[in-house]
Structures are given as C-alpha cells and as structure tokens.
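Per-chain numbering from 1; labels A, B, C and D assigned in written order.
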Amino acid sequence: MNTEKIQAKLRRFAQERDWEQFHSPKNISMALMVEAAELLEHFQWLTQEASSELDTEKLSAVADEIADVQIYLCRLADVLNIDIKDAVERKMKSNEAKYPADKVRGKAKKYTEYR
Amino acid sequence: MNTEKIQAKLRRFAQERDWEQFHSPKNISMALMVEAAELLEHFQWLTQEASSELDTEKLSAVADEIADVQIYLCRLADVLNIDIKDAVERKMKSNEAKYPADKVRGKAKKYTEYR
Amino acid sequence: MNTEKIQAKLRRFAQERDWEQFHSPKNISMALMVEAAELLEHFQWLTQEASSELDTEKLSAVADEIADVQIYLCRLADVLNIDIKDAVERKMKSNEAKYPADKVRGKAKKYTEYR
Amino acid sequence: MNTEKIQAKLRRFAQERDWEQFHSPKNISMALMVEAAELLEHFQWLTQEASSELDTEKLSAVADEIADVQIYLCRLADVLNIDIKDAVERKMKSNEAKYPADKVRGKAKKYTEYR
C-alpha cells in the first residue's frame, strides 16, 4: 500500500473542497474514532466464532469501515508529518522485546497481564 | 508500506505466543478501538491549534498510538482476509462521487451535512 | 442517584480548579469516549462467559471506569443543559415502540437487524 | 434519576425479547462504546465554541445519544451487580484528593499532566 500516494490524494481531496480548515489533528482523531466504532459495531452482538464467519455482504461492509479507519489514519499521520511505516516498524520491534515468546508462550491466560 | 509483510510478521508474532486464540475479529476490533481512544486521548483537552503544534515528545507518543492502530488494522484485515489497499481505493473513489468538489466547495459550513 | 447533586459538585470541582475553560461539550465528549474505551479494555480479550465472572479486584477497576463514564455523562448533560432522566425516559419509550416484543421475541438471530 | 427503576425496566425489556443471551458485560461494553462514538460524532467537525451553541434539533439528537449511553451504562452495572451511585461517590472523592484545587488552580496549562 502506497501511503504517500494515498496521502497526496487525500490532501488534494481536502484542498479541492476547502475542507483543510476542519482537518486539525484533534478533529481527525475524532473522525478516526467514529469510524473505529462503526467497525466495532458490526461485531458487537456476535459471538467470537460468528465474527470469523461473516457473509459476503457483511464482509464488504466491514471492508468499507476498515478503509475509513485507514483513510483517517493516513490523513492524521500526514497532517502531523508522521511516517506510519517507520512508526509501525519501531512499534513492532518494541513489542518483540516487550512480550518475549518464551516467557509468554503457553501462558495464554496471563495474556492480559502482559499487555 | 508493505502491509502483506507486516501482516506476515504479526501472524508469526501471534503464533509464536499462542495468541491466535484471542485474535477473533470481534476481539481485534475492540483492541483497535482501545488504541484509537489512546490516540484520541492525546488531543482531548487541546485546542485545535495546539493539536497541530505538538512538541517532539508528544509527537513521538502520538506516532506510537498511530502505529498501534495500524498494527491492529492490518491484523484485523488479515484474519478477515480483506485487502486493505483495495478497500481504500474503492472507498476513495466512492468518496469522490459522494462529495463532488464543485457542489461542496465554499460551503464549508454545510460540511457535516454532506458527511 | 441524584444527578443534579452530582452535577453541582462537578461544576464546583471544575470552577475551583479553573477547568471550566476545558469543558466544552466537544472536549467532554472526547473524555467520555476515552473512559468508555478504558471500560471496554477490561473486556477486550475475555470470552463473553469470563466477562461475567470478574474477580473482586477486576470488578472494582470496572466500577471505577463506570463511574468515570457516569461522571463525564453528567458533566456533558450539565454544560448542554440536557435533563438525563427525561432523555432516558423518552428513549426507553421509543425503544419499546421500535422493538415490539412479540415481533422480535424468539428471533434472536435477527437481533442485529432490528437494532 | 432512579437507576434501580431504569435497570428493572431494562431487565424486563431484555427478558421479554429473549435478548439476555446477548447481554454479556463484554457485549454491553461494546454497545456502550458505539453509543459514545455516536455522541462524539455530533461534535467532531465543530469548533469548541460551536459545540456549546447547538440548535434545538441538534440538541435533541445529542440528548438521544446521551440517553443511549446512560441506558447501556445502567444495564452494564446491573449485569455486573455494580452500584453506580456508590462508584461515582467513591470516584469523586478520589478525584478531590488527586487534584487538590490549590495545587492545580491557575495552572490550567498543566491540566493534562495532572489528569
């Protein structure tokens, strides 16, 4: 996924509509949150099993919400001048160190405490 | 950003820790939501102006939360077998059609009603 | 629960700290959201069954988060001059009409579609 | 606000529809979150000033969302057997101790750090 290209498109999209005035990091973080909740909403009354067995229509609706979250995440990173790829790589390395496999493996019940 | 590579790493990360049992779409959507809220939290008491002028320390903390959201978004798409890139492209096209620039431009006050 | 009394206390609490300047409805809705996510976080990796069987320590932590949500909800209603009790009564009546028991009973699988 | 009475009504409401099976604390915390996001959504593109000056129609829509959050909060406390009033009182006392007025007053800029 070319995040720079997506961000350039989103920037132009906002400029063409004179919507940049609304795109403070504060506001975008709220919009992102609202989309994350719309994503969550699809799963709220489902069992965990059912949440893995969505039909085609539901799956497509969920994909749409995933896209919305991704779009606002790209936009937020852009207005803050944060490199998502770098941030993800740094975080994944830090998670490797934080949750050593041989320490937490087989201790699934303790999962929440390690997090 | 190579989402497939990130997803492969996250898959291995979960496998090595025997954490796949926790990674139902339902649960991951909750984790994503929690991270989106931690991102939001950085902005909750700031003015919109101040949200654009974060100092280095704050910016680094925000980047960490953006990474967390991105990581769970990649993981969720992976367990649901959804292609994020495709979903984003489809959504951006649909947004272009939904908010025609010449119709909404200069009508910034009506922004919320178009959304 | 005497919401007027709670609201009066919260008003004084904010005044004494000169924090009213931060308490715009926008900001309070964000704070409420953050607390709702902290509440959600306790349940994110639990099975539905386990979420009903919290130990005393966890239950107390959850009660704290419920309190935080309630506090910001009272505060938000106060700054907007909305009567929570009236709003709840109105909403419950509307829900009775929206989901007639004899129409949705025994159709549990259709629950999400009725909502 | 008589939370016990509201909770009794909600209990009956769920029973009459055979919806108790969906009302695990985990699921209710998700539903509460979704409502909190719908509440937030009303404010996402507004300035802080505008968020204090909602017109009647908007105010009524916001009151509806506040009611939804309150309803799920009552329901969650009920299924977990938590007394909201007690929890709120305990939390407000703890907040008094945590943020001593004479220490944080006039240091509004430090607000976020005290929180």
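Brief remarks on what is shown
Note that in this section contacts are C-beta pairs under 8 Å (C-beta built on N, C-alpha and C of every residue); 3 or more make two chains touch, one makes a residue touch a chain.
Here the structure is a predicted model, which means the values were calculated and not measured.
Superposing the C-alpha atoms of subunit B onto those of subunit C requires a rotation of 180 degrees, given to the nearest 5.
With each centre defined as the average position of its C-alpha atoms, the distance from subunit B to subunit D rounds to 24 Å. Put simply, the C-alpha centre of subunit A and that of subunit B have 2 angstrom between them. For subunit D, the set of residues touching two or more other chains reads 22, 27, 30, 33, 36-37, 40, 43, 45-48, 111. Taken as a graph of touching chains, this assembly is complete, with every chain in contact with every other. Looking at the complex, you find that subunit B touches subunit D at residues 30, 33, 45-48, 111-112, 115. On the subunit A side of its complex with subunit D, the touching residues are 22, 27, 30-31, 33-34, 36-38, 40-41, 43-45. On the side of subunit A, the complex with subunit B involves touching residues 1-3, 6, 9-10, 13, 16-19, 21-22, 24-27, 29-30, 32-33, 36-37, 39-40, 42-43, 46-49, 51-52, 54, 59, 62-64, 66-71, 73, 76-77, 79-80, 82-88, 90-92, 95-96, 99, 101, 104-106, 108, 111.
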